[in-house]
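What follows is a pair of complexes built around subunit A, which joins subunit B in one and subunit C in the other.
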Partner chain A sequence: MGYQLIEHIEVGSGGAASMEFTGIPQDGVHLVLKLSLRNTDNNPDSAQVSLNSDTGDNYPQIQLLGDGSSASLQGLTMGFIRLAIPVSTYTANTFGSAELYISNYTSTSNKSMSGDSVGENNATLGRLKIDAFSYTTSSAITSIQVALFGDNYAQYSTASLYKITAD
Partner chain B sequence: MPTPTYTLIDSVTTTAVAGSVTFSGVSPDFNDLVIVAEITANQYDSWLGLRFNGDTGSNYNDVEVYNTQSTSTASGTEIQLYGRLSDDSTCLFLINVFDYKATNKHKSLLARSNTPTGTRQTVGMYAGRWANTSAVTSITLFGGQGLELAIGATFYLYGIEA
Partner chain C sequence: MTDTPVKIVVDLSKPKGERESIIPLTDDEIAERDAQAVIAESERVEREAIATQKATDAQAGRDALVALGLTEAQITALLGA
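Up next is the complex of A and B:
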């Protein structure tokens, strides 16, 4: 009932290129993905989240980004959901936080999502952004992939997936 | 089984074009409220209004950041969330109302809006305050400037326990 943990993943020693949730139960209404992430390399500075292993250009999004000195707005369509994370040159022992809210994930309509994320850094290169996302498919969401392109998530990075039920 | 802490109080899906949706008789059994609303409007381009306890007086204050704009309103007749609502896109609102049953403070909320597609792409964040110490017993959500909510709009009201 209510707000239930589906699965929690933590990256072990040696890092991991991705984390994945499969077989997502279809008895909820909304999903909430909570992330604590850090890259082992200096690039990219965004987690790449995909749904149902779909990496096609099916994720229209608009982001409002602040980096400590200016703010910018960008609308585009990509093959994944981008969430800010710290890279290896950012403040040590510092992981970025992100939350992705997926509304009506079992519906047969396009999926609407809200994202808040930060590439935490004790300097002016820290990045904070809020995003509006859509997943333009009528399929229910049955899996979520949290990936990086060509790099690894650092040890102690975590991903937790929750479902919100209608009772 | 763990004690539930996040409970669905009520939900509405519009089956006809509607000017507003009201959650009434809100249970006093929780500490905070969360509203999740996914809305397509019947007309072009406006905001989502929110009122507590049917109060239409000049008792609402808000600060808004949406896209590259920021505005504030003092003594308004509703809290305005610039989603933006439109007839060519769906907007997802996440609204947190804090300490809603307290009778020793004004009621405050934080909200996010998300319209990723269409001609009115918007991402926004909002803070609002209802200048009234009464416990919240009803919440009304409506299209601004006479805009109507299309069929299929969904509204979920959750209560969060301490």
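Up next is the complex of A and C:
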């Protein structure tokens, strides 16, 4: 079984509202998206990930969310996948790590996914998020959009896409 | 004048070295982005208000248990830290 980097994106000095992978090769079994992100503004505190440019309510999910004082569990269906990220008021020069695992991305069945992400902050108001997602579709995943509504990803934010192969 | 936001698009069907494009968002994309930002902010404010209320209620509950005569160690054993 192979674990291969397909491509890597890094945000330049002007920032970016979104990072996207298109034309994803269909010769793998699973996909892993690894992110290092930071918002240049105080809102929002999450990245919005969509698949195949689909922003319909096709992402049922269960999220376990914790901060410095409490934890909560919520089931919902949304038009995208949310991953926690640090905002501009969080600890300076600090990026949050996130990972999204997409299993059997070329199959004709609904896609099962898992995610973990952190809005890194050396204070009480930091966030940790663990999610189970599903994407309601019979289509293979050919593109991934990592968007930030309202402002920009900071310079040096990155997105790396890996594929897991059978050999 | 505010700079137009851009998206970085990597087309994996192209050869390495020719994949990345930096594309300005369209007016429709910008409008959608701004609308979603308003929704995200209201949800964040609501989430923080719920968390604050929950913390206030938890402290009031602990205070009530103290008034009933439980020790802090007993309360912690019951409720956690």
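Basically, the second predicted complex is superposed on the first by the 166 of 167 C-alpha atoms of A that agree within 3 Å, B and C clash if a C-alpha of one lies under 4 Å from a C-alpha of the other, contacts with A are read in each partner's own complex, and residues count from 1 in each chain.
Rule of thumb we're sticking to: a contact is a pair of C-beta atoms (placed from the backbone, for glycine too) under 8 Å apart; a residue touches a chain by one contact, two chains touch by 3 or more.
Not measured: the values here are computed from a predicted model.
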Once the shared chain is lined up, is A:6 touching subunit B (first), subunit C (second), both, or neither of them?
second
Is A:166 in contact with subunit B, with subunit C, with both, or with neither (first, second, both, neither)?
first
Of the two partner chains, subunit B (first) and subunit C (second), which one does A:36 touch, if any: first, second, both, or neither?
neither
Regarding the shared-chain residue A:133, is it in contact with subunit B (first), subunit C (second), both, or neither?
first
Considering only touches as defined above, state whether A:106 meets subunit B (first), subunit C (second), both or neither.
neither
Can you list the residues of subunit A that touch subunit B in one structure and subunit C in the other?
none
Note which residues of subunit A are touching subunit B in the complex, please.
1-3, 29-30, 60-64, 71, 73, 75, 101, 103-104, 109-110, 112-114, 116, 130-134, 136, 164-167
Once bound in the complex, which stretches of subunit B touch subunit A?
1, 4-8, 11, 36, 38, 65, 67-68, 90-92, 94, 112-117, 121-125, 154, 156, 158
Mind listing the subunit C positions that touch subunit A in their complex?
3, 5-14, 19-20, 22, 25, 33-34, 36-38, 40-41, 44, 51, 54-55
In the complex with subunit C, residue positions of subunit A that touch it:
6-7, 9, 11-12, 14-25, 43-46, 48, 67, 69-70, 147, 149-152
